[in-house]
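Listed after this line are the structures, all set down as structure tokens.
Across the two complexes that follow, chain A remains constant while its partner is chain B and subsequently chain C.
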Partner chain A sequence: MNTPPTTLTVPRQVTVPTRTARGDRTTWIFVAALVLLFWVPEAILYMGWARFWITLLAEVFIWGLFAVAFNLLMGYTGMISFGQAAYLGIGGYTTGLLLKKISGFPFALGLIAAPVSGALAALIIGYFCIRLTHTYFAMLTLAFSMIVYYTAFKWYDFTGGDNGLIGIPVPAWVQDPTFANYYKFVLVVTLVGVYLLWRIVNSPFGKTLTAIRENPDRAGFVGINVKRYQLYAFIVAGAFSALAGALFMINERSVYPELAFWTRSTQVLLMSILGGVYTFFGPIVGAFMLQLMDADITKDYPQIWQLFLGSMLVLILYGLPGGIMGFIQARDTASTDDAATRVRKAMGEFSRKFWYFFAAALFFTAFFHILQAPDTWKTTVLLTAAQAVVGVVLCTWMLRQLNTFTQLWRVVFLVFPLLPLALHIALHTPLSGLMIVVLWAVFIYNYLWQAEIREAFGQPQHVALDIAPEAQ
Partner chain B sequence: MSDFFVQFLNGVTIAMTIYLIASGLSLVFGVLGVLNFAHGSLYMYGSFLLFTLMRSVFHSPSSFWIGLLVVPLLVAILGAALEMGFLRFVYKADPLYQLLLTYGLVLIMSDVVKLIWGAENQSVSRPPGFNGSVAIFGQLFPSYSIFILLPCGIVTMIGLYVFLNRTRLGRIIRAATQDREMIGALGINVRLLYTGVFALGAWLGGLGGVIAAPMGAIYPGMDLDIIIDAFIVVVIGGLGSLAGTVLGALIFGLLRSFGILFVPQFETLFIFILMAIVLVVRPQGLLGKHVTSGH
Partner chain C sequence: MLLRVEKVTKSFDGFVAVQDVEITVAQGQMACIIGPNGAGKSTIFNLITGHLQPTRGKIFFRDQDITGLPPYTICQLGMGRSFQRTNIFPRLSVFDNVQVAVLAHRKKTLNFFTPSKKLVQDETYALLAQVGLADEAQSISGMLSYGFQKQLELGIALASEPALLLLDEPTAGMSPQETANAIALIAKIVRERGLTLLFTEHDMDVVFSIAEKITVLHQGQVLAEGTATEVRGNPEVQRVYLGETA
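Let's turn to the complex of A and B:
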């Protein structure tokens, strides 16, 4: 017991590979992605799948661009905006109004006008917003986005009010019946946008933004004009969001005020958090997953979509603050605890948060099952109760064993998520239900794959037990 | 003159309804530092619980009075459960993550409402004796607003003031808005205090839901409609300041009622512009204390 816990040799920080070295390779990844994704509509049509998937993917790309632009603010600069949808609206209405009101207006110019007006609006709005921080910043961005929303909603003479702006002329080549051209157009525009954003975050400018996120005061001390850089980030995010807004307009050939409504702002927030705000591609993954789950659930069970979404959000905020893509990244490097204390804390947290995922997985399995077969709900409830009892006993025992720091149990836990996953597949839980289990798995890997915990399990058992004596 | 008075009274009526909701939001923010998105949901649950109580349990309009006593307590219990089950674990996190957590609760609670009560609009009748109107300056006003809504709002206002300024517990709560760590060091059970304050905030939200229910429709989605209005009120008045909430509610109500008179299309727009101006010029709100870091 008296062995000092510092016998543990653990790196103080997990090193994150620098991105600059991979910069050039990424350009080729973008080109490869473009070439591969370009032929997806043909593949879908050839396989005889529904055209719905083509439009779904196109929407994922637009949301992805929007989310990456938004994440330049949230993840890279550390400013959480609750009104990013304002620029969607500004972009959509700029292009829409230009094409609609001026006959023969060139389509390309109309599209370029969107990011320009988005940047201008962001310059004006950002000028006021960057003076505030945290909740106040969020509230002011919300206020501005509502101003944009209500202006579009009420100004019938100009924007068409709540009837929207309909029948916007769009070149014939973007609207083919299979949506393949529309898809390809959106793909090219969004990939170019995302690539530009990639270059921006990996430039010295982007590194400066990250420095501001980490510590605005210190960034100021080394001579960075913090407010000015925040304003630049705000403008860039606004411009690319507006581009996404213009793209949303093209498919429906109409713009509605809902484009700028605040729930869109929270939706993009959800995507970023789901995918991981501290990674560049996380928000795109988040956008893909959210749109896919949305399509999957709302097809059969629209009544529980928000319930599901809210549960996902709560689970992620508790168990995976880094999002799905963020699980390899270092956690809490600012902590001043020594290695042993961090292991102890992480294990305690793991045991506690584990139950949230357990409960969510059990609940949604039962819920989807009841929705699929409402007549046998009594059996389902009984079965779930039995599963709960067995699961609680089993998991309590396993968590206890894990805290003995025997290597075997760490391996058991890393394999464990396969069990509920198999169970869900056997029970025909919809795709989105499986996501909860996937989150659970990512959560477990996130914790048990951390450097400190890996090291702790590698120690002889008596050393490990000294680290966490009360963990038993 | 009478026109002016009519609009003034209308404005005050709007102000009282929104005050009941915003005061709980402001109180919770002041003490816990969490801007509670789910406050609108608690308000919605207040309305729906009253609906169940009047329609399914007692089958009589006069059971409104029972609801007025019971429903806010039920909502307070729900609030305490939410605090103990979710919010308790994230006080150390970034305040905006807390805001997002409460947004997750909004999403969950809004679907639970639809699963329990259905997606249709519901309504409850006014308590007997308050169905008619009263004439003031020759203008008819619903007697419900004059004799129930206004007194309830004023009593709550005075009650909160007395509670926070004249009782020991109230002083502890006010101390908690100033320095949370210090009152913990002084031996106050901060965990219990937080749960209590959150429950009190929920109680106010539930009360708002009960009072507002007989005046309009009860529907899923009323949570989102009200919460943005409540945000405006507390931001204008000052986040965490109860006197500010009163002022914010009055400005909100009067701007609404007079806005309809003068700029019928853009009254909502003006409210948001006012909110933006207040945030730019005086971020802590009209009566708020200086902005502390971390919020």
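Let's turn to the complex of A and C:
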């Protein structure tokens, strides 16, 4: 059954070990993230920056956990839930009610109760939802989340209704004035949650979910009970979403029905799409970007930040359909190419995307600026044009140099992202600088640090080879 | 009898796709269903594997009534199948495609925390080697050539260590050379593993070269049944089917 042999000019070992090595490294990435991020509040306080950044980061972490949990459904199992905020609400209210109504209820138990109740709720809601597919499934999840929302909204005796549940007692150590302890608490809990989810998606269970996403029919005929596994995925996602909800509650020491409102469900959907639904860390990147954009742009353009969000989304959907992480992790699957060809292809791809984002960033910056200050439109247009000319010349030159791959240029490109970032901070340029930073970061990760590329640069590989065992 | 299809009828909104079909496959046999397009071959496959429920009639596998059971249960009972349209997990690597099937067969899919990298590696590579895909293990399966995808499908089907292998047009869309190779591979695997094979086919040469028992289907009904020689000699068969292709 051998089809005409495809010539393999690249030895297979080049791709195999990188995967294995990357997977094994991930546990250490979690540990490193914990160690590094743990001291961020101190750094922020030491630098004299606003304390608001500490809470913002904590919120990003919670959103990140929520988005990863949501993506277990959307990206891994292929079920798009429009009502994931329901579990956020259920988690928040479970912990809130337990701590508030039962005096002296242990804080740790209250926190653990959130995922448990989230899982239970997901079991019940999921039992009905998985019976439908596609749009009907999505609508049903939305319907259930509305039920949860209105229950919290109207049940004054129990949930406090639209006044919310306020003054929930949390231990003193969480509520220090700088929020540093709260930040650390959130960091540890979310990292543990995300790490567990990471283990789950890489376990046989996770593989099963991916198989179901890819082809439910075929999955059924390798002996998998598809509906049941979809329900399991629903439960796991619900549990971790509820944990995120409890963390939101702890920050404000109060819960409002808004926690379960449908806009949060769409927000988490946006985060996953921005970051990349077929990647594990994509939703976290999306959460980070969305929250940061929210905070950053609201400052400059308070009324129209959602316009930014919309344009950003259009950009991402057209330019990077796999999301940001999807783009970063994309590998050329035509494995017959040799390393040099892959680099060339990657280069071409990158250049195209780069110009697309460059043009779009300029356009949107100018557009929003004119919206904000219509009387300065002439200056804005002129400035934008000047930026465009200078940018095109500079970037063309750099991209050309890039093709020579000399040592010096590699260093230049490693440092280059800092430049627009510095500009962004110094000049308060909205977004454009940020987007270019992201792109360069993408570039560096993708094209300098992957093993094939390292090889193309002539550096020897030191990854231990884990070649497929010889089969009889 | 390993598989016994008893007087099975399936109608879709009044259209009778298969009518009173009886097929038996003995342990270790290589059986084939042939028939022109629309004869109901794939419908019968789907009835056997539980993807469709018969309107009337019963299906027995190892003397157990499997009528009305869901596909995953039937698969767990020891049936493996390939589909007419290539049916793989397109965005997963070749390795993952087979591994997930092996994991499902070994009931390890409820393992939440062991990295799947540490499980059933050797078994999966052995299967890949058997279907000739060891070199492609890390390729994305959707990017493979058509022939490779068919091989992969066979690998997925074999992963559940079936007693009965059902192949729906295993050589559809292949060149004569590819077809010959594919059939040689299938026959080799079936003999090595002592499997029972039931397949549908278009290509008469293929059928007559390996099938020990042939069932001819025409407009949803069994027209003839027997060995290659018997079927070839049957005037009815010659009229409705062989005549067409000759």
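Just so we're on the same page, the second predicted complex is superposed on the first by the 316 of 472 C-alpha atoms of A that agree within 3 Å, B and C clash if a C-alpha of one lies under 4 Å from a C-alpha of the other, contacts with A are read in each partner's own complex, and residues count from 1 in each chain.
We take it that a residue touches a chain if its C-beta (ideal position, glycine included) is under 8 Å from a C-beta of that chain, and two chains touch if they have at least 3 such contacts.
For clarity, every value in this text was computed on a predicted model and none was experimentally measured.
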item: Which superposed partner A:77 touches (first chain B, second chain C, both, neither); value: neither
item: First, second, both or neither for A:211, with chain B first and chain C second; value: second
item: Touching partner for A:151 - first (chain B), second (chain C), both, neither; value: first
item: Partner chain in contact with A:307 - chain B first, chain C second, else both or neither; value: first
item: Which superposed partner A:291 touches (first chain B, second chain C, both, neither); value: neither
item: Touching partner for A:226 - first (chain B), second (chain C), both, neither; value: second
item: Chain B versus chain C as contact partner of A:159, first or second or both or neither; value: neither
item: Residues of chain A contacting chain B in one complex and chain C in the other; value: none
item: In the complex with chain B, residue positions of chain A that touch it; value: 80, 128, 131-136, 138-140, 142-144, 146-147, 150-151, 154, 262-263, 266, 269, 273, 303-307, 309-314, 317-318, 321
item: Residue ranges of chain A touching chain C (in the complex, touch as defined); value: 1-3, 6, 8, 12, 15-16, 19-20, 23, 196, 199-200, 202-208, 210-211, 214-215, 217-226, 229, 232, 278, 333-335, 468-469, 471-472
item: Sites on chain B touched by chain A in the complex; value: 35, 86, 89-90, 93, 95-97, 99-101, 103-112, 114-115, 119, 224, 228, 231-232, 235, 239, 265-266, 268-269, 272-273, 275-276, 279-280, 283, 291, 293-295
item: Interface residues, chain C side, partner chain A - complex; value: 49, 51, 70-72, 75-76, 80-81, 83, 87-92, 96, 99-101, 103-105, 108-117, 119, 121-122, 125-126, 128-132, 134-135, 137-140, 143, 145-148, 150-151, 156, 159-160, 178, 181-182, 184-186
